[in-house]
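After this come two complexes, each holding chain A, first together with chain B and then together with chain C.
And now, the complex of A and B:
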């Protein structure tokens, strides 16, 4: 009977996860987009609900109708029209960045409107109380309603998609929207799909909020972790997703009954509180592929169009190194408070540069850099605690992260696009839950700065040295045979193989380099703050970083450094939430300016350079394409002959 | 044998034998064509030879060296070069850099050496090989042009340049004339004849019968996973089977 009671408790958790998984899958099946922002939209709706009831005093029922009938579907319609419709035909990566943008945008709004505060008094729409079962067991009304809602939505949607003409049309739109548009109202169907998907997010939030307290990061991460059951269902089967969610929920509570030897209790506790993370990680590692159309490395929207030019430096590259260094050195003349704030810039820049290496140069989407950054900080602190001098620990800690990047990168080498993105995110989530959240690893950690660098001025100089080293490494990865091999890997993996490039080895190598760099950034972050703060390395924070780098230009190291400086400046100079809002808007609009801000600057510089060059060139040849110039040269040769 | 030898190659998809015990010789110093209708198994055979697809039986040897168990990149380093039916090139690199990638990776080099910026001892030979190939394919004038901005026909030549820059022993081309204009086809035919004369083993998968007649020494007609006829291109194309397949063409 004890275990049956635990199972009923687990059923409640499973219902919440099932609701999230059904929402994710339903959105995916009716829109074709795996909406990573689902959790953030849900949390935003929950905050609106809280505002309506607790601040404006609306009755719970009226507020629920407003949130579920207007706000949530309205968000879906707006997203479809402004964000996703312009992106049709984009690769999986373009859509991924857009969904990350939506996620960051909603988090930014929550921080801006509610200061990111947590609330424990979220209004409940379901009645309190429970049903008495034989053996003194009790089943809460809320669980019964949630079970009914999940079963109803999963059943109705399965029937709609597989047994009706509307389902056929929806599948046609998801498969090829442009082709379907010739015979069905594709835009209206897609808009309906997004409105429905957002309604489900709103519904989930209204049902969850009383169970979990409102918190932007933790609740978003909780929803993201339930992606595991959607992955187990290979993003196709709603019944499998529901069954898996209930099973994991029940399994999670049953684990609380396990009482092994004291030394293992911590591990068992970690398992039972984080079973969904483990399921996500294990499912992504084990399943050979998802039921998604997903190919290529980094698709449209992330890289600038055209070529990486190695013969002519562009405007960004022409920026004198001295000028760049001078700008980065300016904080040394700031007042103490501003200098203290500026300490975050070089550390964050190194982390951003690590993203440029993995995603920009090698085309391997990595959403897990926050985990590597945190490990760099942790290893540094542990080494120092073990007697290694702080300066040596600052170097060795990140170096130890590189092999971990190698190990964790190895299973991902066959994955691409969204699958790779989810796998790297799951890695960061596992590290966050099983390492950063465990007192056995992080309890009692102290972090100090190396002797001689305790003063902010000198520490900032040390940070600039670290950033310089990182940029030197990046330069080596961007030039010469290694740089060309990375571009080859990014542009065409089959062609890279045919050229004799061992792409597996190269991918893992890049993961290791990027992990080491992120580790250095994390170690500098912790040293600057003189504390190891796990929230600095939250996996959701990693998603924000990825979106920020994408906005500034995922293949521009200079853009990454400037982006880090801009992010810190906005955070310091404005109210909380503005930076998230700006990053979110930039990411969702990335389809309009492929390659990000650095590409826009680059194109402007190219245009200026081309204008100057064309003024120097004589004759009409200046207006010809390269092929035209070749033809003109041949004609001239023929004429001369 | 100094060229490419395929023995008893088999590949099944479920109950269908896409390649059914094919024996094929691609001798050095000659151009060999593989022809046949769509679905005959030509591209599957191509992928099994390059290692892009696994094979269910048989062997692939190049100049006497067994390639059967090697990964695709290792086959490339062993002297096998190939191009794709759908153009695959490095759009973010210039034409010359595309060829350089082919030449630079023929032999493995420790990745750490590249990271530390150690000088590449092969730099001079790589540069010479690239220059020679670009000249030979008429690409010297567009050497510094981004490959992704070129017309389709020129892109095909860039693919070929990448393959040739590795100085391979055998060259496999999947529909190389596709997308080329008449002038480029003539140049390609000249290049392939010259390469074969220099001792390269060339295997073509091609639908353009005029091109086959102009360039190939030997043709193999493949139907339903089997090689049904072999010989001089004109002789093979004169067989009743070829008539059935290519009725109305040429």
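And now, the complex of A and C:
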């Protein structure tokens, strides 16, 4: 059954998706970066436009010219110069963290400058009317204009890239910037590519304004969800992306006409409101690979090159463990309001530590920890509702998440870099939309704390116990043969395979462990708040967490704990948006200090230790082989001579 | 008559990768018209030396002087415009572009001269529409070396031309290089080689790198090829 009226409505939705997909693909083709932050840049431009028109009273046309001609390309030029040029040698992971940083940074700016308020009076540049078609159907002007713009961009870009010399130069710069720099003005071409990419984001914001309320999250999420269309096109084919976007948009509205038996209605509703998420998930599951180069080295850009697995006894490790636990114990002496805020710290720290396990130790990017965390909280609540004592549920719930991590780890076996990141994000998005947002699963859920720990003080102690347990598990994963195998997996998968490591089993095992840990963190979060709050486990939240952990040093468990404390402290102590801004700035600048804050601290510690050692003339403290002793003797001779 | 200024002067050049220093203060000069070999084992710093001259790496200290002007901080593009051309040991071609597109890029605006490359390497002629990523190692190296035929240069830096190639093909590539050097007596060529025997016949100057330091310099006659 096919309804023409619904199809026209669907066309409008499809146009929005097509514009987003074309923007993503065009940016990818001219810059080589899959710009997850496309939606966030668009929203930022829309807010600037609103400010110009509604506050400063500019005419809409002037504001549009200002946004499209100055603001949007300016953002692109700035990003290219400050963020992406220093990252040109790093792999997919480094670029991914940078784009996540750009996303978080723009959201933070919106919260800081406009308080994150949503406005219904976004200035529209397109006329509001519509064209009457036969059969009392109406086609809005905005849809027609959007269709034309999408077709124009797709056609012009395809011609430009394949038919002109400038296109050849752009493709050369995207392929290998250093090599291209010798024969073409690579920096200028790259800057032009970025200016064009964010111009498209600005264009999308102007065209979308009449359809959406101005809101920091909605458009960002829309773009993230429509990534599925871009994935279907394997990030290469613009026509496929446009066609798929329109088809999914129309399919989505046609589904609303489907009225099955009442008990299936909820499922059908979930399907048609979340069809784009499903397409993203299905496309990532079905397509064997994207039409792009995935970086060889998984952790490039996230890890300091030549990072040691076990550090020299540097300053961080020389800090007595007691000092560390003392600091974590401090909130017990805070006043009640601050202690309540501090309850979020150990829970978040456990989630961060799960990211350290997956990404830091094993090199597997996981943007989906929010999904596992939410499932942990949900399972705990369900178990408790089924009669299991709360304390047991707190342990059993997360344990039940581990098999789910095991299961969802399977598709990741053959995936790396960007593809792996998108797959994990899609998993979290599907869980959020089909579980956390469904009243069937989360309706009437009560969460309370285990008896005996209802007081904030005691619950904090319980949380610290959970964190300690998590850190012990992480320690076991980081030392001994298992730790060596994980680092081998991170550094080079082919080398790990040829060293006899069962990479497939190791990967799913790591995902299971990380999922279980995240589940524990989620269960603690929900218990601390005494409520299951789906927004706590939003997929976008997972992106922010990932960026935060990357900033603090993705292979440092201590960094993760400190990072969680800092994030909560900044959130409580300042206005909304500051933490996002800080994380964003840190993440986009990661190209300047690979390995994050913990690597900087570690380097500083090494330097201090080294200078102390040289003061003491450390002689026999190091055990050397005979050849090493000979070398040391020779070095001393040379120093003396 | 040769100009008084050397073409290139390296002054106490130090280059580091993170905590590791690969070149510990190398000083040398390259005169116009010279064919120089930089020899040394793996890890001696040959590639690092070449890459920092071409601008791919930033030295931590020391100076690179090009005909009297300091280019230590100059970009890859500026050095290339001045005439420094590096053919790296791997990644000397744009992998996602076709052979013809690669050649057109190398040739710059003089795109009509592609036949020069096809005359020297007839094998490339049948591969014009194939993507460079799908070429064999030898074909990729031919394509990379075509850049020296098509692009203008005054100092050509060639990093391990023979790496992983059959000796017949390597000999052919060296012959092309020797022809190039002979045809342009005012230009200079620097070859980085772990096994200098094949290359030694063509060169006029040899620098030996050992563990990031310049161990010896001289004419090829000063060295016994078997011991290098």
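Basically, the second predicted complex is superposed on the first by the 607 of 641 C-alpha atoms of A that agree within 3 Å, B and C clash if a C-alpha of one lies under 4 Å from a C-alpha of the other, contacts with A are read in each partner's own complex, and residues count from 1 in each chain.
Rule of thumb we're sticking to: contacts are C-beta pairs under 8 Å (C-beta built on N, C-alpha and C of every residue); 3 or more make two chains touch, one makes a residue touch a chain.
Everything quoted here is computed from the prediction, not taken from an experiment.
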Checklist entry - Regarding the shared-chain residue A:465, is it in contact with chain B (first), chain C (second), both, or neither? => result neither
Checklist entry - Regarding the shared-chain residue A:61, is it in contact with chain B (first), chain C (second), both, or neither? => result neither
Next on the checklist: If we overlay the two complexes on their shared chain A, which of chain B and chain C does A:172 touch? Say first, second, both or neither.
Outcome noted: second
Checklist entry - Which touches a greater number of chain A residues, chain B or chain C? => result B
Checklist entry - Does chain B (first) or chain C (second) touch A:184, or do both, or does neither? => result second
Item to check | chain A positions touched by chain B in one structure and by chain C in the second | outcome: 306
Checklist entry - Touching chain A in the complex: which residues of chain B? => result 50, 52, 71-74, 76-77, 81-84, 88-94, 97, 100-102, 104-109, 111, 114-117, 120, 141-142, 144-151, 154, 159, 162-163, 166
Checklist outcome for this item: Listed in rising order, the residues of chain A that touch chain C in the complex are 165, 168-169, 171-172, 174-176, 178-187, 293, 304-306
Checklist entry - What residues on chain A touch chain B, complex-wise? => result 303, 306-311, 473, 476-477, 480-482, 484-485, 487-488, 490-492, 494-503, 505-506, 509, 513, 625-627, 630, 633-634
Checklist outcome for this item: Note: in the complex, chain C contacts chain A through residues 17-20, 54-56, 75-77, 80, 85-86, 88, 91-97, 101, 104-106, 108, 151
